[in-house]
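Take a look at the structures below.
Shared between the two complexes below is chain A, which pairs with chain B and chain C, respectively.
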Partner chain A sequence: MEIQVSQVNSRVPVAVLKIIGELNADTSGQLDAEARKVYESGTRNLLLDLSDVPYISSYGIRTLSEIFNLLRAGSPDENDAALDKGLRNGSFKSGHLKLLNPTQQVRRVLNLAGVDMFLQSYDALDAAIASF
Partner chain B sequence: MSADQVKESLVAQVPLFAALPRSEIAHLAGHLRLVDYPAATLLLREGEPGDRMFVLLEGEVEIIKALGSDDERLIAARAAGDFFGEMSLLETAGKRTASARTRTPVKLWELSRADFETLLHRRPALAYEMLREISQRLRTAQEGRIADLHEKNRRLTEAYEELRAAHAEIVEKEKLDHEMDLARQIQERILPRRLPQPDGFELAARVVPARAVGGDLFDFIPLAPNLTGIAVGDVTGKGLAAAIFMALTRSLLRAEAGPLATPVETLRRVNGLLRDINDSATFVTMLYGVLDGDTHQFTYARAGHELPLLLGPCGETFTPDAGHAHPLGMFANPAIDERTIALPPGSTLLLYTDGATDVRDATGVRFGWDRFCAAAQAGLGDSAQQFCDNLWQAIAAFQGAGEQADDVTLAVVYAK
Partner chain C sequence: MDENGEQRAGALRIAAELKNLSTIGRFVEDNARALGAGQECIADLIQAVDEAATNVILHGYHNTPGPLELEAGREGEQLVIILRDQAPPFDPTTAPPPDLTTPLHQRRMGGLGVHLMRALTDSLAYRARPGGGNELVMAKHC
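Then we have the complex of A and B:
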C-alpha cells in the first residue's frame, strides 16, 4: 500500500491522504502511523482519498475509527455526549475526518459497519475540501 | 672457472654450509645432486617416510600442514639458501612432519639420509648450526600455533554466542508455539462441539482460523424448547489477542442471551460490558438472532456484521436490507440493525464472516460475493452439515495455494 500526502489550504488547512492499495490487517497500521504523523505536525483536518482502495477489511474500519477518535479528541463539539446524541438522531457528521470517493466495495463495508453514519463521503475533491 | 669450482662456490653461498672448510665444501659439491622442478610440484608429503633433505638454490617452496584437508595451513615459505626436509632425517625411519610444494620453478640440491648422517658425524659443528635454525623455526611455528589457537578460540566463542542466541530463540518460539497451542485448545473447547438440534431445523457450523487461533466466533444457545440463539462474530484482528477477545465476547453473550431478552437488548448489554472492560480500540462485528421454532422466523440484531444470506427452497437467494449498525465496542450507544426473516421449509439460512468472501487465490483474486452465492446455491438440498462442508470445500478449492488472510466462519440453519 502507498500513501501520498498533500496539503490543501482552504478555509482551514486540510491534509489529503491518498491511499493506494487495500486497507487490511497488514496495511492499516501504515495509515494509522501516517495519520498520527500529520496530526502531530498540527493538522486537525484529514481527507482520506479512497478512490484507489479496492478493499477494506474490519481492521481497516477499526483504523478509520481510531483516526476519527484521535481527531475529535480536542474538539468540544464532537465530545462523547455530542457524538451520542448525533448518532441517535442521525445528525452527526465528523467535522475533521472525511472520505473522498470510496469504491463500491468499500462503500458497502462502510455501510455495513455503520461508518457512513459518522464519516461523510464526497465524490469530488473540491466539494470535500470546501466542507471542512 | 671450472664446473666444479662453480658448484663449490654455490655450496659456499648456502648459509648452513658457509662456515665449513673448503675441503668439506668440495666434498659436498661432489655428492649433492642438482635437480629442477616446475611450480606446484609436491616434493614431500606429510606422514611419508623421509629419506633426503633439500637445499634450495633458486625459487620458493611452501611448507604446508594437513595438505588437502579442511585444516590445511601454510606454515612457512622457504627461499633460496634455505634448507628443508631435515626433520625426518633427525629421527630413525622418521616421517615427514609437513608437506612441501614448489611455489615457483625451483632448482635445489638433494642430500640423501646416508650423506646427511656422514656429514653430521664428520662435522658436528654443522649439527649446531642446524639446531639453531631448527630451534628458530620451531619458535616461529609455535607462535603461529598460539595465534591459531587464539583465532580458533575467538571463533568458538563467537559460535557459542550464536548458538546461545539461537537456542534462546528456539526456546522463545517453543514457548510461543505452546501458548498458541493452548489458546487453540481453549478456543476449540469454547466453541460449541455439540450443536442443539431444535425441532424442525438442522444446525451446522465451521470455523477455519487464519492462524492457529483466530478472532471469529459462532454459538448456538438453547434459550427455550422452541427458541435457539444463534451468533456469528468477528473480532478485528488475528491471533492470540483476537482469540482472547473472542472468548470474552462469547462469555458475555452467553451471560446476556435469554428467552426474554430481544437480540437488540442482548447486543446492547454486551456492548456496554465490552466498553466497560475494553479500553483498547478492539471491537467486534456480530450478528445475533433468535430462531423461533413455532413461527419459523429468525429475528436478528446486527452489529456492523455481514448480512445473512437466505437460500429459498428453489435456490433463490435473498439478503435483507442493511439498516444502520455499528460494531460492538465502537460506541457507547451503537446503532443496531434489527430484522425478522421467515424461514420457509426447505430454505437455508447462512451466517458468515467476511473471511469467507474475502479468501483469495494465489494470484490475489477475491472469492467475492458472486462466487460465494453460487457455491451456496450448489449445496441446495444438502443437510446443514453437508452444506457447510461443501461450501468450505469450494472456498478452500478456490483459495488453492493462496494464503488465508482472515478467519472463515460459516453457520447454517436448514429449515426442514
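Then we have the complex of A and C:
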C-alpha cells in the first residue's frame, strides 16, 4: 500500500492523503502514521483520497475512527457536547476528516460499519477542498 | 464441475501473517473469477476472507507463526471458501455483535470484523477440527 501526501492551501490548509491499495490490518498502520505526522506538523484538516482503495477492512475502519478522534482533539467545534448535539439533530459530520471518491465497495462497508454518518464523502477534489 | 454441481478450484497453504493478506486476497480473486463469480461477489469475498484471516492471525495465533490453509470451490450456485488453521479453538461466529450506534468518539470497535463477514457472505459455519485447530466455511451465492 502506498500513501501520497500533498498539501493544499485553500481557505484553510488541507493535507490530502491519496491511498493506493487496500486498507486492512497489514496496511492501516501506515495510514495512522502518516495522519499523525500531518497532525504533528500542525495541519488539522485531512482529506483521504480513496479512489484507488478497493476495500477498507474492520481494521481500516478502526484507523479512520482513531484519526477522526485525533483531529477532534483541540477542535472546540467538535468537542463532545457539539458532537452529541449534532448527532441528536442527525447532522454531525466531521469538519476535519473527509473522504474523496470512495468506491462503491468502500461506501457499502462504511455504511455496514455505521461510520458513514460521521464522514462526508465527495466526488470531486475542488468541492472537497472548498468544504473545509 | 461434477454431477452434484461441485467444482474445486484451488488451494493455498500459507504462513498466517499480516504481510500475507495480499497474497490471500489474490488467491480469492483469482479462484473466484475462475469459478465464474461476478466482480461484486469477488470484492465481497476478498474482504470477508481478509477479515477471517486477520482473526486467525491476531486472535487465533496471537501474531505467532502458524499455518493457514484456504480452499476455494463451487457448490451449485454457491462459491465456498474454507479457512483452516491449527490455532487454539476460536469460534468467530460467537463474537458479540458490534456497537454500530454509539457516537464514534465513544464507540468500541470489537466484533466489527465478524459483522462484516456475515454481511458480505450468505453463510458462515465454524467447527473445531478433530485433530486440533479451526475450520471456517463461508459461502456466497455468486
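By our rule, the second predicted complex is superposed on the first by the 132 of 132 C-alpha atoms of A that agree within 3 Å, B and C clash if a C-alpha of one lies under 4 Å from a C-alpha of the other, contacts with A are read in each partner's own complex, and residues count from 1 in each chain.
Basically, a contact is a pair of C-beta atoms (placed from the backbone, for glycine too) under 8 Å apart; a residue touches a chain by one contact, two chains touch by 3 or more.
Bear in mind the structure is a predicted one, so any value in this text is a computation, not a measurement.
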item	value
Fit or clash between chain C and chain B when superposed on chain A	clash
Which superposed partner A:72 touches (first chain B, second chain C, both, neither)	second
Touching partner for A:123 - first (chain B), second (chain C), both, neither	neither
Which of chain B and chain C A:2 touches, first, second, both or neither	neither
Superposition clash, chain B against chain C - the stretch among 24-32, 204-212, 258-266 or 312-320 that is involved	204-212
Set of chain A residues, in rising order, touched by both chain B and chain C	24-26, 55, 57-59, 61-62, 65, 69, 80, 83-84, 87, 109, 112-114
Touching residues on chain A, where the partner in the complex is chain B	24-26, 55, 57-59, 61-62, 65-66, 69, 80, 83-84, 87-88, 90, 109, 111-114, 117
Contact footprint of chain C on chain A as seen in their complex	22, 24-26, 54-55, 57-59, 61-62, 65, 68-69, 72, 80, 83-84, 87, 92, 105, 109, 112-115, 118
Contact footprint of chain A on chain B as seen in their complex	234, 236-238, 281-283, 285, 304-307, 322, 324-327, 330-335, 354, 358, 366, 405-406
Of all residues in chain C, those that touch chain A in their complex	18-19, 21-22, 25, 40, 43-44, 46-47, 50-51, 54, 57-58, 98, 100-101, 103-105, 107, 109, 112-113, 115-116, 119
